[in-house]
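Letters A, B, C, D and E name the chains as they come in the text, with residue numbers starting at 1 for each one.
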Amino acid sequence: MAAFCIRSMLLRNLTCQNLISADPTLTARVLVCHQQVRGRRRTCKPPSWFSKRRVSVKQDITPENAKFIKEVVIETYKKPESPLKDGPWARGSWTPRTQRTGVLAIKLGIVPQWTKDGKKFKTTLLQVLDNHVINYTPPEEFSKSMGWKPFWGSKYGSVVVGALSCEPHLFSKSYNNLFAKAGVPPKRKLTRFLVTPDAAIQPGTPLNVMHFRVGDYVDCSAKTIGHGFQGVVKRWGMKGGPASHGCTKAHRRMGSMGGGGAKASVWKGKRMPGHMGMDWRIVKGLKIWRIDTKYNVLYVTGYSVPGPTHCYVRVYDTILRHRREDLEENGNPPPMPTFYPEDIEEPIPEEYLDEELFNFSSESISYVTEK
Amino acid sequence: MNMFRFPVRNTPRKLKKSFGVGSGPAERIKKLQMLVTALIRNERLEAKESYCLETRGYAEQLIQIAIRNGDRHAETMEKADYWLLEKDLVHKLFKVLVPRYQNYTTAFTDYHFLPKKVPGSGVQMGILELKGNPWPPVVPRQRNQKYLLTNVLISTAKEEYRMEKKISPDLKNGTHDKLNQLDNT
Amino acid sequence: MAVTLIGRLGNLLHKLETLVHRIRVQDSLNRGLPTLGVPNFDLGLDGVNSDLESRLKQQKNSESGSSRSVIDSIFGSILWGVPKSRRTLEKRLTRKFQGKEFKEVTAIKKNIVACLECGTYHEMHTICPKCYGKVREETAAMKAAMGEDFQYNHPRSEVVYLYEDDQEDRAKYKGKYIVEMKKPRPLWFAKNLLTKGHG
Amino acid sequence: MFVRSVHNCCRVCLKNSARSNAFSYFIKRLLNTKVARKLTNEEARHKRNEIFNEERARQLTFITRIEKIQVEHKGPPEDCTLIMNKGLSTPFNCAMHIGELLMNRSVLALVNGKPWDMHRPLVEDCELKFLHMKDENPILSNQAFWRSCSFILGYILETAFKNEHYVELCSFPVPNVTSGSFVYDADLKLPDWSPSAMELNCLSRVGQSLRYSDFKFERLDIDVSVALKMFEDNQFKSEQIPQIAVKSETGSTVTVYRMGDHIDISRGPLMGSTGMLSRFNVTAVHKIESPQYGPLSRVQGIAIPMSLSLHYWTYEFLMKRATKLNQAPIPTVFQAKSRSETVDNQGEEKAN
Amino acid sequence: MAAPCRKVNYQFVKRSLRCFEPRVIPCRWSNTLRNQIVEKHRHSPLSSTRELVKQQDDPSDVLVPREFRFVHPDFLPYPIWNRRDRVREKLEREDMLKRRAVLDIPEFYVGSIMAVSIADKNAPGKQNRFVGICIDRAGHGLNHYFVLRNAIDGQGVEIKYDMYNPLLQKIEVLKMEKRLDPQLYYLRDAPLEYSTFRLDMEPVPISKGAHVPLNAIKVKLNPRPWSRRWERSNLKGVEPLDDYITEKMKKQKQHPQIQKTWEMHDLMLKARSSIDDREVDQIMNEVYKRKEKIQKEKLQKRGQEGKREGKKAQEVRR
């Protein structure tokens, strides 16, 4: 389980931007900055070796022609070249060691809900919009592509998931070629999940909200709200100085930075002013209370999912052992490697509610026992 | 969600003090009053970018409430009286601008960037104008791009594409429906 | 830049020269020697007045008194805080031109287009400056043609500007405030553009 | 194989001893004779260039005294009058006087309302206008661009192949932008060759590199006899030339163009220089059968000028269309009247 | 003096050129999408999970009473537009309507006297009933709440109820009234008789279709100290406070920083912090139609039950 934790830490550095290499054949290659950096790299600028993703070509095209080109785009991607040419891949079975892929959702906001005991709590709404698997790299290849030897050996492969289909006119050729294998339109956002080989997914598979079930626990990772360069009072909650009584220019400053004697230096990791927010954060062990299949919305515990409204959130199965126990003991495995509509014969209901969650269309909660 | 017809910032800009007015929220409104008045009179303004874009919001809102409520509405009249420092313009607002913008579905104003005289220095200037003004147009006329090489190529390709699609019409229907829906939204 | 630097150094040297000359004059007055009309401050160079020079040198050698100490003190105090070696041109320029404005000025612009009407170069997102200049002039003329009504008593109907060559449209603008422009319509100001920007 | 080994041998000899000069000379002669046995495109081009230079020098000798003409320029950036040299100054020279913009963007000039090449000398007092790709009605410049692209296809076919293959260019039809591709018909003498995608790419690369070499198109009117001498290696052209000359105004002149070191017959006008190319792709090589000339190859391509930008996705969609066989008329010597109107290359016109 | 002519170092030129390369440095490499873009993707024909757009009915075809929006302020969403989301608001509204179908939430205003019964584990009858005057209602969507105030045994008591709390059993309006102010928190600083209501108060009937009566009572506050600086908020339902405040306080009240006169006519401030009328119309139109539908269903149900009961009664008679 320690491996899980370190893996999640590593994910911070390996953002999806790394995937966009100029060479389309290197889709699965993970580029890592080898430069030795003291502390964390706090910059908003993409590294110089990223190939440009977005292009803005001002085409001198009449509106009618532009409409026609749009039509061609839709036609082209309507029936994508079947990724099933080599047949559907074999589906693995779930084991306690299995790590499935996640989805890339969008945060919609926070809404209160009530349990059947009448307790009020906040839930965060996450919408899974138009997700597709873009690429799968088996563990052997993936461990080699890193440029360094991963400590987990060849345990995990990688799945690239994309969200929000766009017209190809927004992007450069090298970016659009990433999607040739999956046969889907180019996506606005890509992300990568590490998966065990038994949870391998074929490129081109759509992912939707049914990937999870009500009552499952998930982890959410996203970028927090950016505040820019901030002082210690706002960034670390320090007290600052007094407002008056002879205080000069020290109202919002930090106090002492370090001691004397043997410790006569500013220690590493001292909390100081700097860039605040806009930083990857993972919130673990959030319960799924409710699923709306019509709008593809997950209701997840709490208001601590990082980021503002409409930010991207990576949602995947939790790595907390005590939250996975239920799956292991009760033999209640999640759909592997993801949910396929063929699995269910009856039509999917519009809503799934947790057993403990209050349904608004049911009667009010009453403690009066009728005798 | 956003019912504004033009790009709007979440927070208002702070306008630097200039001649006649100082800084601070009260003086900012004073400056904006002057600018809105000037815009309604001249129908075209040349000012700093931030001034233009701030003025734009207020002028649009003023015209919008005038269209919605008419000149019999006390609150609207009060607003018009407050924002138009020269009172002959109150009549212009209700008699000229309201009929002009009655059926508009887009913004009532246009903003254009002016080039900087010296690159890399100076403030970005811009032009704010009311649509449908009598002055000569700032942007040169829109050219007919139909006969450009690329457009000729695409439009002939379109005919050919349509001809091919006629042979298999089942494919064609789906896209058209989709496109129509797209337009409706 | 180098020119200004060397110029400043020259100024400094000149001041030094005059200062030293004064001190010498004072010195010689004190000792009853004749004053020198020309500053005869030599740094090992062959001067014109070689005999005077030699005389001065003799004096210097003979009495190493108050005068030398004064000169030394002045020179010493100035020369102490001076950088020992010259900064290279590269270093100076790098430091000087690292500002943001300089980068903006020197950055190669890729968004420059030519106006299709008049062929003036301008940035893609801006309007053509030359065409706008014409528009400004014409607008000013139109405002002037309307007179004081424009500034103080704005008409309560749409304003129409009628040029000489579109008199036949007069009937169309009934009920509107008509301003006569006593000149033909400019070629670049097309008439049909008056009714633009709907919806 | 033999040639190669002899060549090596020769090199070794030259390297090793200076005394074996006689031997090396012998070898060189041997080499020359070997090469001369089979004609290459390179040699043919070299010869044509020499003739072109001679002819041009000869024509220049007619201008004994520099006369001045008055050129009135109309259009942006401003209307102006220039005093230029008769028979020497070109519209491009005028553009150099007026502004950089015109030099860069002009495809064609309109001299007294007639389309005129940018590098063709002016001969009389005239009114001058410049045309570019973004004009309101750019049909003339489109056609000139498309025709020049066909011309460039000829250059690619002549230069891209190895020396063993002697490519004989036949002709190209009237530029028709609506057909989606420009065409050059030629006898590649490779009956079994159908190019792969990579090979087409290699052909395209030759065209794309022209953008950087920035060759200008030079025009020259020459006599039939000179033209026949120039194109004596090309059976198709030598058949076409007399027929073209009859059609011309004087009855015995043929117009040729030179781009870099490539010379071809064309009615013109062509664009200013190859620097205007932005994208250039050879899309397909089709086999066609001509009743007179036998089996030919129809090489097709598509290109976009610098001033018009297009996203690669749109361009690739157009490229797909350009791979289909172009329906332009197949070149024949004796053809019906109706067809002649649609044929551009002068080689085809004599038939009327 | 001429500057010495020097050969320029190649390395220097390279270095200086590197710094001139045009760089695009976004101020925030944001992970967030704009609202329009999300909406675009929801309806995009390229999307696999596309939301089909129904033909939106004209707001004019259903006549929504003008008062409807004041009766149901809880349906209005949070007004700051960059934090809003259409789907979330829609889902929230669905939940609210579902709850309203079960629990009858009557029309009431700030100033009305209400009785609320709520399930309570610790109460003697497992249920609690509280009577009081509504001094505030606020919150958007499911977060909507109202506050009741009463004085019990000479002690002021205030209870805040979540409107959509499933524990709520019944909401009654005992006396329908409006007051002059949108919030009545000043009752805390008024004598207790203003907020004393009998727990067994009987409902005052109001005829259907009549206007809601306005109670124009002027409350006389206790002398200072107060919980807030009431002299600064222009209260209408309070007797003049001039007797209680000092000269200094009067002067302070006139200070422009406190008056904030510039905010009165700030059109953009209003536009940014409130929901547009057109959008309110859309929302109310949707809600009105759904409510009518629910009422019809309810009536049908009752009718059926009534019929059944009638039949039963007939059978019994027989």
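List of remarks:
Operating definition for what follows: contacts are C-beta pairs under 8 Å (C-beta built on N, C-alpha and C of every residue); 3 or more make two chains touch, one makes a residue touch a chain.
Source: prediction; values computed, not measured.
Legend note: the chain whose CA centroid lies nearest the centroid of all displayed protein CA atoms is B. Distance from chain E peaks, on a Cα-centroid basis, for D. Here the two chains linked by the largest count of contacting C-beta pairs are A-E. For the pair chain C and chain E, the distance between C-alpha centroids works out to 60 Å.
Separation between the centroids of chain A and chain C, computed from CA atoms only, is 54 Å.
A straight line joining the Cα centres of chain A and chain E is 33 Å long. Among all residues of chain D, those that touch two or more other chains are 134, 308, 310, 314, 317. Of all residues in chain A, those touching 2 or more other chains are 58-61, 69, 72-74, listed in ascending order.
Multi-chain contact residues of chain C (touching two or more other chains) are listed as 103, 109, 115-117.
Residues 76-77, 99, 101-102, 105, 134 of chain D are the ones that touch chain C when the two sit in their complex.
Contact residues of chain D toward chain A in the complex are 134, 308-314, 317.
Residues 35-36, 39, 43-45, 52-53, 55, 80-82, 84-86, 256, 261-263, 265-272, 276-279 of chain E touch chain B in their complex. Contact residues of chain A toward chain B in the complex are 59-62, 64-65, 67-72, 74-75, 78.
Contact residues on chain B toward chain D in their complex (touch as defined above): 143-144, 147-150, 152-154, 156-157, 160.
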